[in-house]
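Written below as structure tokens is the structure these notes are about.
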Amino acid sequence: MKMIHIILYFLALLSYTSHATTSSVNDFCVANLLLPNTPSGYPCKPPLLVTENDFVFSKLVPGIPIPPFNAGTTPATVTDLPGLNGLGISVERVDIGINGTVPMHIHPDATELLIMVEGQMTAGFITPTKLIVKTLNPGDVMVFPIGLMHFQLNSGVGKTYAFAAYSSTNPTLHIVDILLFGNKLPTPTLEKTTLLDSAQIKKLKAQFGGSG
Amino acid sequence: MKMIHIILYFLALLSYTSHATTSSVNDFCVANLLLPNTPSGYPCKPPLLVTENDFVFSKLVPGIPIPPFNAGTTPATVTDLPGLNGLGISVERVDIGINGTVPMHIHPDATELLIMVEGQMTAGFITPTKLIVKTLNPGDVMVFPIGLMHFQLNSGVGKTYAFAAYSSTNPTLHIVDILLFGNKLPTPTLEKTTLLDSAQIKKLKAQFGGSG
Amino acid sequence: MKMIHIILYFLALLSYTSHATTSSVNDFCVANLLLPNTPSGYPCKPPLLVTENDFVFSKLVPGIPIPPFNAGTTPATVTDLPGLNGLGISVERVDIGINGTVPMHIHPDATELLIMVEGQMTAGFITPTKLIVKTLNPGDVMVFPIGLMHFQLNSGVGKTYAFAAYSSTNPTLHIVDILLFGNKLPTPTLEKTTLLDSAQIKKLKAQFGGSG
Amino acid sequence: MKMIHIILYFLALLSYTSHATTSSVNDFCVANLLLPNTPSGYPCKPPLLVTENDFVFSKLVPGIPIPPFNAGTTPATVTDLPGLNGLGISVERVDIGINGTVPMHIHPDATELLIMVEGQMTAGFITPTKLIVKTLNPGDVMVFPIGLMHFQLNSGVGKTYAFAAYSSTNPTLHIVDILLFGNKLPTPTLEKTTLLDSAQIKKLKAQFGGSG
Amino acid sequence: MKMIHIILYFLALLSYTSHATTSSVNDFCVANLLLPNTPSGYPCKPPLLVTENDFVFSKLVPGIPIPPFNAGTTPATVTDLPGLNGLGISVERVDIGINGTVPMHIHPDATELLIMVEGQMTAGFITPTKLIVKTLNPGDVMVFPIGLMHFQLNSGVGKTYAFAAYSSTNPTLHIVDILLFGNKLPTPTLEKTTLLDSAQIKKLKAQFGGSG
Amino acid sequence: MKMIHIILYFLALLSYTSHATTSSVNDFCVANLLLPNTPSGYPCKPPLLVTENDFVFSKLVPGIPIPPFNAGTTPATVTDLPGLNGLGISVERVDIGINGTVPMHIHPDATELLIMVEGQMTAGFITPTKLIVKTLNPGDVMVFPIGLMHFQLNSGVGKTYAFAAYSSTNPTLHIVDILLFGNKLPTPTLEKTTLLDSAQIKKLKAQFGGSG
């Protein structure tokens, strides 16, 4: 190839890539976690500062099961994996010890897709008119539609674990017991709005750090 | 105006409106409730069958408060008001009798905007890290973000009512008690996933029609 | 409960809530009105600075009817109620005095849902192929699909008011007269683009502050 | 290549394409115009019936300018080009004769991007607080944000034309005169809601086919 | 509890659940795969026909690695798991044999989140200005943003497998070789548009079933 | 008109426009290109600094065709035309010299709508199961659905040009050759993931600036 061609090719490259270069931020928008979040996600890191580590999370280790539920989770969401920003997906590893449970909870902004890897879980979700419960084994995948109350419990003889993929870059975990019993909402208000007995409420407030 | 002009104007009208005519379905898409719903809403009624009644609902009457909660709601959602289809909004009237309550509940797919009209309510929502509770009077508006657990109770001396606008054409009402105690989810499963006592569960199952 | 259990429960709480804590901004994104808006809404306020006042607006008082239209509105949009940020809903109170009117207008980015409370209105919207007009009384709800030209007028014997819920956190009000006659668009341009007579245009420019 | 390899490659092809085959409808969703529209667009044609003609429209010819505005448009929207379905874009050709105008209008569901090709236009859009007007020549591109009232007029000495790209597969054209004067909305209602004089209204109703 | 109370509670249940009942389709919209797809997903199955099997897929078995790439995938998308409909997420299992590879490919409508389970992969994606390549081991998660060209290859000593979660209910797999060499696009056209040599093109057409 | 009326009208104007004034940022959100982008677009410029130049781009001139492809493009995207921000549309002019080509490429985040103006192109897109190719002349419009691999080549006797409208404010251009041969991805990795011969890869790396 002659020198003149090399130069022309070089110009061609510049021409074809320059548009992409100035807008490369649009091929991805890696979260700049130092800036405030927005409803669509974090502002983008300058493309020059983006590295492969923004797209890989290396610690999706077993969640340490902790009492009283004997279950633990390890999340890989946008704050752990900034390359997820704006892309509407994330994952966590869910480990449940023997006899353990992921208690009744809700993800207000995400559908959950549970991918069984080891052991056995019984899982379910509830709507006012449907109760969906299944026993799950490795090779099973179960979907928990966005915003629905659900649970998983270890129904096997050993430990069990699964991956939970979410349709959100930063799903939150709303455990019903923590919502009801982990704050200062007065016991009489809880009695009226849940019909639970006062003694029951106080017992669980003691467990979950609530007062009032 | 001469006849030739009238004809030309007529042609002009046809020209300018014909595009809109064939696509008028796009100015709105009134729900054809006889066809199956889709994730984006119901298929559209043929424009020729659309009338003003598709855009007006005339029975947003007081909800009849019913025990045990002494509260009632009257919805105006897409199944009542087919003109809402695809437009992401709806409303209901919420009436709470003396000492009544709209118990702990969740709208999995809608933010609620409560517009106080009469009486006094105390309302709140809960996240794992925040408890937001306010006493509301006429002229107050309170927002309950999508998917969060919340409640309203009559904290005044008389009846109270409000309008609840929703960011969904067909929000559903997930009362925690009905989710937990209104179906066949076995009591031992509930014990494990909520830490409620067995006696408490059985008592509320009796009230809410649950078994198991 | 023994001390060791208390500690374990405490750890459990930390474990179950820590994920939610770091991402609590996702349960809501209260507008930080001091920062520039984005196409998806304002950046989020730091969760620690969020209070219950971000979710409640307390001045949805009657709009003061003002000439020449003898109607007034009081909005509760994201700039008044920062908890609405990113949630796609807002409300305003619409008051129309005797013989008054909310003149022909458009909300470019919001569907309006009008909830009648007192008095009588006649309201309508227009597409190139449909005219929808209804007389509305308390208990009536009418939907005005996004972007369509519409009006409300007091057709009763006394004052009338309604709440207008919008499918936008910050809807704007485009009154046709203000668009056409409230700026410097030259009269000849207006004549050509509206076919209105020059005298008519000048008369309304005088009323609405236009020039040119 | 030996026969065994050919067979293995064949199997490989099947394996790698079968997933895509069964879901090929997702690479595109060509409108089946015989079925009712939905809020997200038309149902998809069976992939086997899709041809290249679904993705090409061949008659984006000059719009025939028609009185009284001496302008004409030729659209290529989803009903003309079914391959656009669900993709959020379309185009039309806009031709304006000498001294002609595309009168004041609104696209309720689309941003317009005007690409000048020949002649000269003066174009503008209006918000309650901004008037944006520019004279446009070939090589100019102007954006008219969704839902805003705007116009184009031929300000040159010869014919002019442009392409208007829209952020909607089926934008509608709401000409203010046709909305106000092309239907049965009673003249007194128009007087009250526009402050236009009765004589002016009647004159334009005669032109645009309105009555009442 | 007295009979009268039972009846009242029964009424209360009806009252509180009836709204949810008629709109229960909105808590989820299980795909009716017999009806044509739409841009937002399949029409919903009648709620009464929905069972737990609509939410669980039980065959996420190892993909059978097939020549020439010695890799195989097992998808769980909406056509396999109809409960995913409209929820924007799906998963597949990816198995790569020794020395195998998932060749250069694109998912036009989905971000991929790769969750490593066994063995070692080297994976990467490419934009005009960035090349991101990483060696992945169990516990690693890597994100491949929507629409970007990427690959995975087995860089370990044994078999390797991972789960790939997608931000789409029905992602398609566009292998570059199949796009370029698996159809009738004429060789001269390929030469001009890829600069590949004619001999190279013909060799790969023979492998991938292309002609022309 | 008496002075008192003038004052009242002035107040009326203030009243009706004040809501719009404070929220005028919502009628449009012109990109502030000095601030970091977000997944939904750039933060908005203060309305007071917005001018008509934010909505008009005046240099959509012919793209200079450059070797080896003898084609050139001139974009008008959000970085050129900040008024496009958040509106989901943009355009570029595509010029192809005699015998030239826009080589195989992908727009990961945009549908392309090609509007032929002069000359003749042959264009096509490819899915695993469909090859769509058409010869296009002035008056033809062709749609290339989002994320699909496609090409255009000059199949006429003279120069050819078209406008390409995109369903994105900032589409990127991923030329397959630049993705494969314009970076440091090692030749052995390319061989394995594309099945291209080593010599072919090295030849094209020399042309496109790749190494490894």
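Letters A, B, C, D, E and F mark the chains in the order given here, with residues in each chain numbered from 1 onward.
Convention: a contact is a pair of C-beta atoms (placed from the backbone, for glycine too) under 8 Å apart; a residue touches a chain by one contact, two chains touch by 3 or more.
The structure presented is a predicted model; accordingly, all values stated were derived computationally and were not measured.
**Q** Among A-B, E-F or B-E, which chain pair copies the contacts of D-E, with over half of them the same by residue number?
**A** So the equivalent interface, with over half the same contact pairs, is B-E.
**Q** Could you give the separation in Å between the centres of chain D and chain F, each centre being the mean of its C-alpha atoms?
**A** One centre to the other, that is 19 Å.
**Q** Using mean CA coordinates as chain centres, what's the chain A-chain F distance in Å?
**A** 34
**Q** Can you list every residue of chain E that touches 2 or more other chains, as numbers and ranges?
**A** 16-17, 20, 24, 27, 35, 38-40, 68, 108-109, 127-128, 133, 145-146, 148, 172-175, 178, 182, 207
**Q** Judged by the touch rule stated earlier, which pairs of chains are there in contact?
**A** Pairs of chains that touch one another: A-B, A-C, A-E, A-F, B-C, B-D, B-E, C-D, C-F, D-E, D-F, E-F.
**Q** For the complex, which residues does chain D have touching chain C?
**A** Contact set of chain D toward chain C: 68, 101, 103-104, 106-109, 122, 124, 126-128, 131, 133, 145-149, 151, 153, 172-180, 182-185, 189, 192-197, 200, 203-204, 207.
**Q** Quick check on the complex: what are the chain C residues that touch chain F?
**A** Against chain F, chain C makes touches at 35-40, 64, 66-69, 72-73, 75, 77, 79, 92, 108-109, 168, 170-175, 178, 182, 206-209.
**Q** If you look only at chain A, which of its residues touch chain F in the complex?
**A** Checking each residue of chain A against chain F gives 1, 5, 8-13, 15-17, 19-20, 22-27, 29, 32, 35, 38-46, 85-86.
**Q** Mind pulling up the chain E residues that touch chain A in the complex?
**A** It comes out as residues 16-17, 20-21, 24, 27-28, 47, 50, 52, 55-61, 76, 81, 83-84, 87-91, 111, 113, 115, 117, 125, 127-130, 132-134, 136-137, 139-146, 148, 163, 165-167.
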